[in-house]
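Chain nomenclature is as follows: A, B, C and D, assigned in order of appearance, with residue numbering initiated at 1 for each chain independently.
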Amino acid sequence: MKWFAGAQSVLDPAGPQAGRIHGLFEVFLWVAIIVWVLTVGAMLIAFWKKHGGERHDDTTKRVVTACGVITVAVLLALLVASAVTGSAFATVPSNNVMNIEIRGHQWWWEVHYPDYIPHERVTTANEIHIPVGRPVRFKLTSDDVIHSFWAPNLSGKLDLFPNRVNEAWFEADRPGMWRGQCAEFCGLQHANMAFWVIAEPPDKFNEWIENQRKPGVMPSTPDQAHGQEVFLNGPCVVCHTIRGTNALASVGPDLTHLASRHTIAAGTLALDRGNLAGWVTDAQRIKPGNRMPPVNVPSKDLEPLLAYLESLK
Amino acid sequence: MTPTQEAVERGTVDLSALDRSWAPPQGLLGWFRQVNHQNIGKRYIVTAFIFFILGGIEALLMRLQLAQPQNRLLNPDLYNQIFTTHGSTMMFLFAVPVMEGMGVYLVPMMVGTRNVAFPRLNAFGYYMYLFGGLFLYAGVFLHIGPDAGWFAYTPLSGPLYDPGKRTDFWAQMITFTEMSALVVAVELIVTIMKMRAPGMSLNRIPMFVWAMFIQSFMVMFAMPAVMACSGMLLFDRSVGTHFFNPAEGGDPMLWQHIFWFFGHPEVYIIFVPALGMISHIVETFSRRPILGYTALVLSQIATGFIGFGLWVHHMFATGLPQLGESFFTAASMMIAIPTGVQIFCWIATIWTGRPTLKIPLLYIAGFIAIFVIGGLSGVMIASVPLDLQVHDTFFIVAHFHYVLIGGAVFPLLGGIYFWFPKMTGRMMNDAVGTLSFWLTFIGFNITFFPMHILGLHGMPRRVYTYLPQTGWGDLNLLATCGAFILAIGFIVFVLNALSASQNGPAAGSNPWGSSNIEWSTPSPPPHYNFANIPVIRGREPMWTDPEPPVVTGLDDSRREVLVTNTLDAEPEHRYILPGPTIWPFLLAVTTTIGFIGTVFQMWWGVWGAALSFIPLVGWFWPRERPRPDLLESGCGSGGIE
Amino acid sequence: MTAEGNINVAPLPTIGFGSRAPLWWGQVYMMCIEGTIFVILVASYFFVRIGFTHWPPPSVIPPALGLPTFNILLLLASVIPMYLAGEAALKGERGKVIVNMMLNIVMALGFLFIRLIEFNRFSFKWTTDIYGSFVWIIVGLHTMHAIADTVQSMVVLLIVLLKRVDEKQLLGIKIDGLYWYFVVGTWVPLYLLVYVYPNLQK
Amino acid sequence: MKHVAAGLCVSAALLLLTGCKREQRQLRAEPAERATFAAAPESPIVPGGKVPVKVEVRNPYEGDAYAIAEGEKLFSSYNCGTCHAAHGGGGMGPPLTSKNLTYGSEPENIFDTIQKGRPKGMPAWGGRLPEYQIWQLVAYVRSLSGQEPMSATPGRSDDIEYKTKAQLK
């Protein structure tokens, strides 16, 4: 997983919403700086100016009143600016919208692409691919407690509630990878509940979705075949799905195209064999309290299992 | 013993008699029987600072954990308990109680009377607060610390996602502390309404008294909300009601609405008393009457009202309808106006006065520098789009620490420094004071300013760790260093206070040359506060009227005070206050038994109530000599009505 | 110390009644606090109710009106002896105080007994669903207040019976009455909410 | 402030008695408990009755609130509800809310039932679930019939699946 400072930042907008909010922020920021300098400056002068002489309380009171009036005016201006920005992206654009359903779990993100016929309904986890320049409508709900969906570079956050669907939308105006994270405290592993948004040019995106719609690849080497055995006869099938096999449980993330993702454990680890091995054998060391049990895989079976998982492009 | 006519005229009093009737009982048993506002007030302050230290230690632990990415100092379970306890401690066990303590100690002295209106209730409130705090910390040390955040959102705090008794302990602690807050509010309001010295009409009430008056009203209407919702949560968890259970038609949003309907005023409940202290400090050290008294009072009242109208701005990210949101944006920005006006008034007072930069005023300067930043970031997050970005990030953490530490703790430290001579009769050391101020000020900004930037760079709050690749490490390390400087600053302050209380130079009755009547009585004040209740003839009596006429004819041989009317403080009647008694303590004990029991088994509520019956009867059982004349002739009351 | 301008309060009485008495104000504010709790519960009730098309939920039968209606009438009636007791106290007529207090306590106990039957007649428990939870907490909380003040009245009566009463107890009787008015006053809207409103909805 | 200290000690002692066991949260199971368990002998089938043979097998999570809650989550995750109904009310499969289950209600019996499966449809989870998860399920199942301490059992569930607002309307 490469160094991604800035890939999860309000200050580096990659979409219209984040862009406008960033603009609004700068307005507020400058107002704040000016107000602060004036206030504190006035205070310092008040301390160190030459005192004495007779007081003109009435003039002073007029000055104070004036300051009050100015405050009101400034706040009014900011209020308008904020309202304009807010209403700018209040409504989801109607044409050419792509739908994505997101279901929050303790502590990972389940992602659906419902625009495709049911039996090929694309399901993935912790990684959201979107086409550049096309608005995406998110339907957000939660499986357990309240989570909050937040990809700062693209837009503000919105909470996921059990038994309720919230709607958000955003759009990426340039290709790239951005990180998001759960922003509402949701228990033990709140800190490790991240996801990646990957914006690609439409053709690359279509390529990706076409691949995602396929069932999981069949093992091509005896090693991988043995790995699949281990997977299907082991504990894995109690929680995970690999479409095209008889592993169909939906407790944990869908692994049909696991190897096509960049990270595992909800954006906690880069996907490579070492991390995969660590995660499979003792997930509790990496994310204490998460729902993936430590699995005692005999050493002769571990390598094939990993080989199989890594083949699931 | 009735004083001679001529003695009454001249206002000479039998001090030994006064002392006899007002002296608090001594010894261990005596400690539990004391009801003087001075003792109870000091207890509140000391206890609150002990909890402040505990909360500070928790803060340092969190900072250590976050000092570097993927630190393994604390496991997530422990971290969650620590940050929840930190928040709950600072809000419920430090900030509110310490302000109440200042109020309980100062208000009767400032309005010129000898005790609060309901001394026994006052004592009861303190014990409830103490037991509530001990209860929570007993849990924390037994690994039953709350771990759902200090606003305990359901369903995370519900029966399935927070098993065990952790959240029950937290919710019951709230019942304890809010009970104490409520009784203090009631007794302060009544004290201020009915027991002001003659002549202290509304327009002569000292600013801090106004502040406590407004704060108490806010407590009265905000605290019931949190008692209601924490009670509902307890029922949900223990007897299976469905208030917050979506499966049976309950709603997690209900919790958020009720909690924040309390939670937002809470901030002003902490902040308003600080405003009162600031006015006195600014006035004293600018050596001129405060400028814009009326404006200040009106803005505080406005703050009190608006404070109830903006709770929803904590819930912008929950997907509420647009229109409602913009209303609450407007309200949230509006609250900046009264605060701005007050800051302008203070600066103008300093500007037109002859300021001497003594340490209390230094703290106020620090307050303005810090609080204005907090206020302005507050204006930012009042705007829905900006809030959606920074909500629940470290930007918010920075914001509310700037508002609460800058807005409440700095004035509080200044206020303690300012009234310390009155409370102890000794002065704190100025050199050490200056040192502690600068340590606190610099440490504070190093700790919390970087958090703004961390938040903008996407760091959510309440994370026990973060990946090295996020690049958040350096600023977190900086913040941790700052936290330790800040801690040293507080420690120096506490040490300064401790040593000064033992062997500081003696302070006269009015070391700062301040304007209000609490400075007319010796330091430390006698148990009866004033040998003679002064008659108030101006807003700055000590400056305009140092030798005021006095109230005479109060019976020195018993705890008698003067009741005056609300508007103009004209004498209405004398009023006999109860003396030392053990019953409030015993009632607090029985109530505590009931409360703690209900956490495990609801029937304990009944047993607790039954137990409490005994101390209640003891409490209300008449102690004064019966008056045979009354029920026969009825003259005793006939004359009154 | 100068003598002129001094105020001699020795002639003033050592007790005030009504809005002159700190205790009276204390009681008023305590009632404000408890009132606020009720207001918040009622507000929550309606906040939740908005989420439903049918209220109460079809699964529950709303409580019957007969007994509760009789009970609220009894409660309202109990105000009269309480008021008379207060008046008698001011006039200092010990006998009348005792008689009226007793009458009030008897009525209060009757009310509480019928309240017990009401609880048993509810067709739902607090665990049934959100409706049940709200009905039980609202009625339960009010019952707590009623019990508390009945006990308080008993204590006051006991004091009047056992001791030669002084001013404080006269005031006590008035305050006790004030609190009883609160208990009765709050029940009227709550009665409408708990018993009448759901039946109207059907 | 020695009375305060005393007060703290008393309440601490008091809570220690009630607190410690219930409040344990073992986030990372001991290696021993990860392997699947195979020691408990097949228990004779005594319909309704209790099991005479008692083997010394203790549930490490007896009275542990966290384990009971985890068990409840696993119960719905692993779709036990499809046969036993949500909260073990009973459906195709027998109800779990009774104190004497068909194959015994002692922890080790329930463990066996889950691990080895039973005739007429109860699948064997032995190869699938680690031992500690089975024990968590055992704790939850026993809590359904009130055989776990009240103070460790939640007042109600937060399960949102079995009855939605839509159905209430």
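A few comments on the model shown:
The rule is short, and it goes like this: contacts are C-beta pairs under 8 Å (C-beta built on N, C-alpha and C of every residue); 3 or more make two chains touch, one makes a residue touch a chain.
Every value quoted in this text rests on a predicted model; they were computed, and no experiment measured them.
Separation of chain A from chain C in touch steps, taking the shortest path, is 2. The greatest centre-to-centre gap from chain B, using C-alpha centroids, is found for D. Of the two chain pairs examined here, B-C and A-D, it is B-C that is joined by more C-beta pairs in contact. The distance from the centre of chain C to the centre of chain D, with each centre set as the mean of the Cα atoms, comes to 46 Å.
Measuring from the averaged C-alpha position of chain B to that of chain C gives a distance of 31 Å. Our note on geometry: chain A versus chain D, Cα centroid distance of 35 Å, whole angstroms. Chain centres here are Cα averages; for chain A and chain B they lie 39 Å apart.
Shown for chain B are the residues in touch with two or more other chains, namely 75-77, 155, 161, 235, 239-242, 245-249. For chain A, the set of residues that touch two or more other chains comprises 144, 162-163, 188, 288-289. Multi-chain contact residues of chain D (touching two or more other chains) are listed as 25, 27, 73, 156, 158, 160, 164-165, 168. Here chain D touches chain A in the complex through residues 25, 27-29, 34-35, 73, 77-78, 125, 127-130, 132-133, 158, 160, 164-165, going by the rule given at the top. By the touch rule above, chain A contacts chain B in their complex via residues 1-6, 8-11, 18, 20-21, 24-25, 28-29, 31-32, 35-36, 39-40, 42-43, 45-47, 49, 51-52, 55-57, 60-61, 63-64, 67-68, 71-72, 75, 78-79, 81-83, 85-87, 90, 106, 144-146, 148, 150, 152, 155-159, 161-164, 166-167, 179, 181-192, 268, 288-289. Partner chain C is touched in their complex by these residues of chain B: 2, 8-12, 117-118, 121, 182, 185-187, 189-191, 193-195, 198, 220-221, 223-225, 227-229, 232, 235, 239-243, 245, 248-251, 254, 257-258, 261, 532, 535, 547-554, 560, 562-563, 565, 571-576, 613, 616-617, 620-622, 624-628, 630-641. Of all residues in chain A, those touching chain D in their complex are 144, 162-163, 188, 233-235, 237-239, 251, 284-285, 288-289, 291, 293-296.
The touching residues of chain B, when paired with chain A in their complex, are 75-77, 80, 148-149, 153, 155-156, 161, 246-247, 252-253, 288, 291-292, 295, 317-319, 322, 325-326, 329-330, 333-334, 336-337, 340-341, 343-345, 347-348, 350-355, 357, 365, 368-369, 372-373, 376-377, 379-380, 382-393, 456-458, 460-467, 469-471.
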